[in-house]
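Going in written order, the chains are labelled A, B, C, D, E and F, and every chain counts its residues from 1.
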Amino acid sequence: MNSKNKKEVQGVGELTHINAKGYAKMVDVSEKEESVREAIARGSVYMKRETLKAIAEGRIRKGDVLSVAQVGGIMGAKSTPDIIPMCHNVSIYGADIEFQADYENSKIDIEAVVKTVGVTGVEMEALTAVSVAALTIYDMCKAIDKLMVISDIHLVHKRGGKSGEFNFSGKLNEDINNTKC
Amino acid sequence: MNSKNKKEVQGVGELTHINAKGYAKMVDVSEKEESVREAIARGSVYMKRETLKAIAEGRIRKGDVLSVAQVGGIMGAKSTPDIIPMCHNVSIYGADIEFQADYENSKIDIEAVVKTVGVTGVEMEALTAVSVAALTIYDMCKAIDKLMVISDIHLVHKRGGKSGEFNFSGKLNEDINNTKC
Amino acid sequence: MNSKNKKEVQGVGELTHINAKGYAKMVDVSEKEESVREAIARGSVYMKRETLKAIAEGRIRKGDVLSVAQVGGIMGAKSTPDIIPMCHNVSIYGADIEFQADYENSKIDIEAVVKTVGVTGVEMEALTAVSVAALTIYDMCKAIDKLMVISDIHLVHKRGGKSGEFNFSGKLNEDINNTKC
Amino acid sequence: MNSKNKKEVQGVGELTHINAKGYAKMVDVSEKEESVREAIARGSVYMKRETLKAIAEGRIRKGDVLSVAQVGGIMGAKSTPDIIPMCHNVSIYGADIEFQADYENSKIDIEAVVKTVGVTGVEMEALTAVSVAALTIYDMCKAIDKLMVISDIHLVHKRGGKSGEFNFSGKLNEDINNTKC
Amino acid sequence: MNSKNKKEVQGVGELTHINAKGYAKMVDVSEKEESVREAIARGSVYMKRETLKAIAEGRIRKGDVLSVAQVGGIMGAKSTPDIIPMCHNVSIYGADIEFQADYENSKIDIEAVVKTVGVTGVEMEALTAVSVAALTIYDMCKAIDKLMVISDIHLVHKRGGKSGEFNFSGKLNEDINNTKC
Amino acid sequence: MNSKNKKEVQGVGELTHINAKGYAKMVDVSEKEESVREAIARGSVYMKRETLKAIAEGRIRKGDVLSVAQVGGIMGAKSTPDIIPMCHNVSIYGADIEFQADYENSKIDIEAVVKTVGVTGVEMEALTAVSVAALTIYDMCKAIDKLMVISDIHLVHKRGGKSGEFNFSGKLNEDINNTKC
């Protein structure tokens, strides 16, 4: 396919994971150049105040909810290509997760940073790390709180690769929550 | 630990996945009775209108974003115990996912239904199915939209087991969005 | 959907893994009864005579192609629900594989027997065991023979469950090969 | 083992996955050079005409058999090193699968293309993709057809690496079928 | 094989995982009865005193080596049938791990308890939990201590099933260490 | 963090897998240089003399315990990053395992050699290979010997990377056993 046709077919709004017949495919990246790539994703688990308190106290007195979520999230980052069908299997060069209790909005904020040196980005790895960490918190607290809601999972920052740097400029639940009508 | 202390520690707000030393454990369910259990979970992927349109048209013309998300989500349900650290490995007896385009709020709604016959519920399986389906949609559309946000993942309904039926009565992002100030 | 419509839609040739919207689902088996179930599958790897000889001699002198294929196939049976998207995750109660060198047709025949006690059959487990064993033989011999062909993978026998016993009565490559024109 | 003996033992027909003691090993590729590598594999699922028709109609009206097989096959390609015991774990740079209904021979043909940049070929990934796609079709249609046969799985084309280009020149079931006696 | 021969072949010291042809198989357990089963395994990681101190202090001040080992071990228990080739895939009903610092012998002792209700024991799950926890400790401390040794992994106790209760009565490294010559 | 601070924080006895908040992380290796890396690990399974004899005879007459352990160990090496929480997912370039019967001490010695070209070492892969091979031997012999003990798992040799060559100089159970008091 020459470059003119390629442009036509892709047009605005191309779905790169779809092949010519309309089926899904794993995009060919064999001509992309290796670079250092980083992605930061965030998300939140909204919960009852008592649940948040139980986790926070647990952290000090005996607890391990966030330790387990930390491990779950990092292992989740590594298992991204096993879980997300069209996602490339990349070698992760570094992964970290941080949790922050937000008492005002009664939620735990999760931030995952993932790095690689390679031909594909690690957005999905960072987003999956956040998702699995959130699900792990849910799993460990569901006996005391079934009204938890996992929200606001989004890509915060991305650098490396041809498309360059990205910083999130969208709207989140949290913004809405904090808006006084 | 004697039974009196145990009760005290667990009391209100017990975190069942934490052992006596404060470490995480996989809860012993060997004395629970088998029953038919079902869990329904929902979540949404907020996106630009053009992205939603591209997916919907893709669905008709050639597309496969939601087919792949369907498969990803169902396989995700099966891999729940591999991903969520303290989650029991149950045999899933049935799993289905449905997608609904919500043009007003510019999002795709995802609903997963999971069933089993066993001693543990399948809430985590349903929530993981929704999460993986959402991440799969994200993966397949991220080339055209990096402002997507995965939100409102929650347990809608649960039946079976000693704790009986549960229906969600909490607050979601969607509710907030639809509130006119 | 009422039961009348349901029947209509399913009719002759129903595809049980497809939901009402046309998407795939994992069929609900929560009302099926447990029974002892067995499935036997077979398949063959056609290869150059020298390759067959190398494997057979290897077996005696030093070799391990079939031992590795045996282990690969049995582990493959266990990983069936991880590989086949809509396949239920069952507990396998027993699995065995046997190999037979067929010098006349220059191939190795593979037979897998899988047993379970449960609500779903283990046809896919037996077929996957044969497929993975065949691929393992291929992998270990591909440096000396790239003309190998994996063929004739089929269900030979199945018992247990409501649908009862099944014995294969179809036509195979082998039959065709042995037909003198 | 001295180098003279080593040569003798390996000679013609060496089985590279076997170590000096006769056990299997994962071949050392640390001195091989990286190159762009591609492998194309094909295979077929023979079935009853009604089954083929059900899949094809399903494709248009509601169906998803081939979409699921597409996803299964691509995820299968990624899980190749988890399934095939001595297979190296490579990063796949691209994967695609195409299906073709062959009404004359009452079968579906499957072709998988896999690419990588690395030190080992991706033949096994392409062959596994075809095998898993075939098994997925089988799984989704087995309720209506237990006489399906998976055949003709072979390597069609391979390029990249020291051994250079390969094109299949062997004999298939299909050739035999089409031969008029 | 008739029952007389079968007995002969198995005789004293039968290796139950070996089939009639001498290949490995997954033993058929479809006629065994379900019962509550428990297994307890133990093992130790010998290390430099400074390493032990770093872990213990880390535990109090900031540390997470044992938390991660706890999670690793429990997830390891669940992944046993994926790792151990002929091991049945059972549903684990409960799993817990405890660590004990032994300053005298400069090691960390690991004990895993695994429970199930089923037809096969969970010895391998308990032993795998201990092994993975030990490897995880090793991984997290190897930057400061490459002289660690993982030893004394053994089955302490087992109950449930036809063979009844078992309690370890063998000899360990630890016993030898503590013997004054 | 500037290099002076970095040194301070790490100090003597740094636990590299712990982040600033005391949680575990996957260490960032994106600035490390690729090199050929090799790791050799060893371990032993102590057992009753009859068990050792059964395995050895099995090897000749019909047996496959060590073949299965070989395959289990090599696949274990590949699954290291799935099992060990903070372990990087590296591409293994070569893996081999050897077994040695030690009749004097009534044990089987296991040695694994793993190679890669990359930015992280493969110590954990070699240690995991030995551990899984040992557990596999245990699994296949546990019906005839429940007093087996897995011991002496340690890193024997390591080369490649900035930290250079390492050779084990510690003390093992075996040494103790062989010491005449």
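The rule is short, and it goes like this: a residue touches a chain if its C-beta (ideal position, glycine included) is under 8 Å from a C-beta of that chain, and two chains touch if they have at least 3 such contacts.
Since the structure is predicted, the reported quantities are computational estimates derived from the model, not experimental observations.
The chains in contact with chain D as well as with chain F are A, C.
Annotation of chain D and chain E: jointly contacted by A, B, C, F, touch as defined at the top.
When each chain is reduced to the average of its Cα atoms, A sits farthest from chain C. In this assembly, the C-alpha centroid of chain C lies 15 Å from the C-alpha centroid of chain D.
Centre-to-centre separation of chain B and chain D, using mean CA positions: 34 Å.
Computed centre separation for the pair chain A/chain D is 33 angstrom, with centres defined by C-alpha atoms.
Multi-chain contact residues, meaning those touching two or more other chains, occur in chain E at positions 21, 23-24, 64, 67-68, 70-72, 75, 79, 82, 85-86, 91. Here the chains touching each other pair up as A-B, A-D, A-E, A-F, B-C, B-D, B-E, C-D, C-E, C-F, D-F, E-F.
Every residue of chain D that touches chain B in the complex is listed here, in rising order: 64, 67-68, 70-72, 75. Residues 12-18, 21-24, 43, 50-51, 53-55, 58, 61-65, 67-68, 71-72, 75-76, 79, 82-87, 123-124, 127-128, 131-132, 134-136, 138-144, 146-155, 158, 166, 168-173, 176-177, 181 of chain A are the ones that touch chain B when the two sit in their complex. Residues of chain F touching chain D in their complex: 36, 66-67, 70-71, 74-75, 77-79, 91-98, 115-117. Against chain F, in their complex, chain D makes its touches with residues 19, 21, 23-30, 81-82, 85-86, 88-91, 118-119.
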